[in-house]
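Chain naming follows the written order as A, B, C and D, and within any one chain the residues start at number 1.
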Amino acid sequence: MSDLPYDPDRLTACAAEIIATTRELSTLGWTPATSSNFSMRLDADHAAITISGRDKGGLTPADVMVIDLTGAAVNTSARPSAETLLHTQIYRRYPAATAVLHTHSRTQTVASRLFAADGVIRLKDYELLKAIAGHTTHETQLDLPVFPNTQDIPELVARVEAWIQADKPLYGYLIDGHGIYTWGRDMAEAERHIEAFEFLLGCELDLRRLQA
Amino acid sequence: MSDLPYDPDRLTACAAEIIATTRELSTLGWTPATSSNFSMRLDADHAAITISGRDKGGLTPADVMVIDLTGAAVNTSARPSAETLLHTQIYRRYPAATAVLHTHSRTQTVASRLFAADGVIRLKDYELLKAIAGHTTHETQLDLPVFPNTQDIPELVARVEAWIQADKPLYGYLIDGHGIYTWGRDMAEAERHIEAFEFLLGCELDLRRLQA
Amino acid sequence: MSDLPYDPDRLTACAAEIIATTRELSTLGWTPATSSNFSMRLDADHAAITISGRDKGGLTPADVMVIDLTGAAVNTSARPSAETLLHTQIYRRYPAATAVLHTHSRTQTVASRLFAADGVIRLKDYELLKAIAGHTTHETQLDLPVFPNTQDIPELVARVEAWIQADKPLYGYLIDGHGIYTWGRDMAEAERHIEAFEFLLGCELDLRRLQA
Amino acid sequence: MSDLPYDPDRLTACAAEIIATTRELSTLGWTPATSSNFSMRLDADHAAITISGRDKGGLTPADVMVIDLTGAAVNTSARPSAETLLHTQIYRRYPAATAVLHTHSRTQTVASRLFAADGVIRLKDYELLKAIAGHTTHETQLDLPVFPNTQDIPELVARVEAWIQADKPLYGYLIDGHGIYTWGRDMAEAERHIEAFEFLLGCELDLRRLQA
């Protein structure tokens, strides 16, 4: 029996899922220059997360570490990235969430800069909104917030918290000049969400160029 | 001898063609976030169609089901997607059609939004129009209709039917905020059509940006 | 000894080069929907050329036929495409040319439409102009003609001939709403030319969008 | 013992790193038409550099030559490209630099043309600025100079030298109508820098199109 505070088999399985997804998103060019990070929930109190600063195209299990939901490293000397707190916030606030993805595509960065002053991107009338959990029709609108960037991660956590406290639905968010955070009940749903947001943001940028 | 109302060998062959084509179109990024669906005619009364909600990059034969041309599931407990009726309409109205492709690329979605008010995109003076069946010169014009999106598929079916009843040629159509439907006498022709429409819509968007 | 009017070993080698190049250009998306054709000179009187209408991603030696420099099929019942005459014209007018490439990328098509009224695209001040044979500095200008499209290929041949007769340098040309023709002393040079023109046309389109 | 003025094992290792990086950047389309060159420092007096004019997708160790830091060929009859002096300048001026990358993407070329009159591109408020060595916050600005293009490489060297002499930080530079030079303490850092600059230039172009 393991003395670890988490199930090592669950860690092995989660690390494999994280590595596979990371490779896919890296191939799409959404993780430039060692940016981006990815995590999965291990249990009510722990998550597995990529160690920051690694090239996302060729991760191995050694590039995945365990944290508790306060963001502290567990059973490792690796130092979790400051942004880890944005992952643990999702796991604490949304008990059903088991995967959190943060990428950094050009479309995400450009959209965040363009809509930073508005603080939100309103997405509507797209069939692909149905790819976001809980949406069954395109006749809907989804508000994707754009928070100001800061190196003070607790400040960012507080902005996300304020949005949630205001009872506004939250399926993901952008950080200005930075990238996107989104999540899902499993890795497949999280991937569906990040693909859908990337697509919808790309359409919004194209339409803005075309309707100018 | 099989008691099935369709030829199981034909199903096996069609499923293989559907899977191969779906993988190609998925690699091109035209099936984001489990969107899109694909079918082939089995015989005068049946078709094989992808089960909705699956990731299109890694389909297996188990992700393909049989329907009759009223859109009802045959010999399976899988539930066909509502959009199935748009596939069966093509097989009923065009007896020579044996493959129907529905994708959801960013170019298709953006073009549909941009031309929704016009209800049609007129394509002309492109050499690649010759890739659409029955066109032997670029000195032609092809009207690609853009129908309003709705979750009420019979309403969409009626709009397509009205276009056909008006004796207007139909090689494919867009749905606003959604994607494209096109078809062919065999899978190779259907693929040629979808590649040509994607190309032509992309050119139209580029020219609009450049000639503004 | 072979009774063939050409060297069959040279044909085998040329077919292999054509197939490899075609696959590369197809992967780049420059040959949509069975468009485009490719050839290599076999000797002073013969060339090998792709049979039209084939999917360019998966050519085999059986998709390559032999023609003489009048454009007539040699030792085959395959019918050469009408555009064959544009290939043979290059081999007749430029004795050093051994490979002719014709592709159909979105950038090529859009540029051809945009500059059709001018009849020419003037390329200057690009370092990559040095990739075009005979250019040793970026302080140069290269005129790429844009000829009107027509299904009457002899008319196109006459337009190309008139440009050459006017003693204007010719490294390639666009056909309006269609694609590009370029060539080289060997396949590597022809590929370098087509990559350079694609790049330069893409830059011109980008700059036009940005400087509007 | 080797009579070579450099360590042949170090050359073998550097050639392997250069070939791997070159293949990656070539796959991204950043080395069109035999353009671009890449080098690594061997020791205080020598570097390994790609021989110019080769197709960057399929380099072998024979495509890498040794130079000294005056740019002269060492132990080879291969002639180093004129641009070699821009590599050796970096190794002489920045003793910690061990890899220099020069590519030629469409984004780099277009950005260089667009900002040539300004002589500089100011990058700020991007999280990805943290990918550039020495930057720990997005609340910074990085000036990427754009030097006029010339076939007179010593003139270019003098312009780079003047920038350094003026005590302005230098992490890379563009040459008008041409491409980018950047470097790093190891190949991984140089790659991170070139990916980051490509990303940031792409964002700048997109924002300029969108905010026009």
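Keep in mind that, in the parts below, contacts are C-beta pairs under 8 Å (C-beta built on N, C-alpha and C of every residue); 3 or more make two chains touch, one makes a residue touch a chain.
In this text, all values refer to a predicted model and were calculated from it rather than measured experimentally.
Peer 1: Using the contact definition stated above, find the chains touching both chain A and chain D.
Peer 2: Expected: no chain.
Peer 1: Report the inter-chain centroid distance for chain B and chain C in whole angstrom, where each centroid is the mean of the CA atoms.
Peer 2: Centre separation, chain B to chain C: 33 Å.
Peer 1: Express in whole angstrom the distance between the two chain centres, defined as the mean CA positions of chain B and chain D.
Peer 2: The separation of the two C-alpha centroids amounts to 46 Å.
Peer 1: Could you pull out the residues of chain D that touch at least 2 other chains?
Peer 2: Touching at least two other chains: 209, 212.
Peer 1: Viewed as a graph of touching chains, is the assembly arranged as a line, ring, star, complete set, or other?
Peer 2: Per interface graph, the chains form a ring.
Peer 1: Can you work out from the touch definition every pair of chains that touches here?
Peer 2: A-B, A-D, B-C, C-D
Peer 1: Touching chain C in the complex: which residues of chain B?
Peer 2: Touch residues, chain B against chain C: 125-128, 131, 136-139, 188, 192-193, 195-196, 198-199, 202-203, 206-207, 209-212.
Peer 1: Which residues of chain A touch chain D in the complex?
Peer 2: Listed in rising order, the residues of chain A that touch chain D are 32-35, 55, 104, 106, 109-110, 113-114, 149, 151, 175-179, 205, 208-209, 212.
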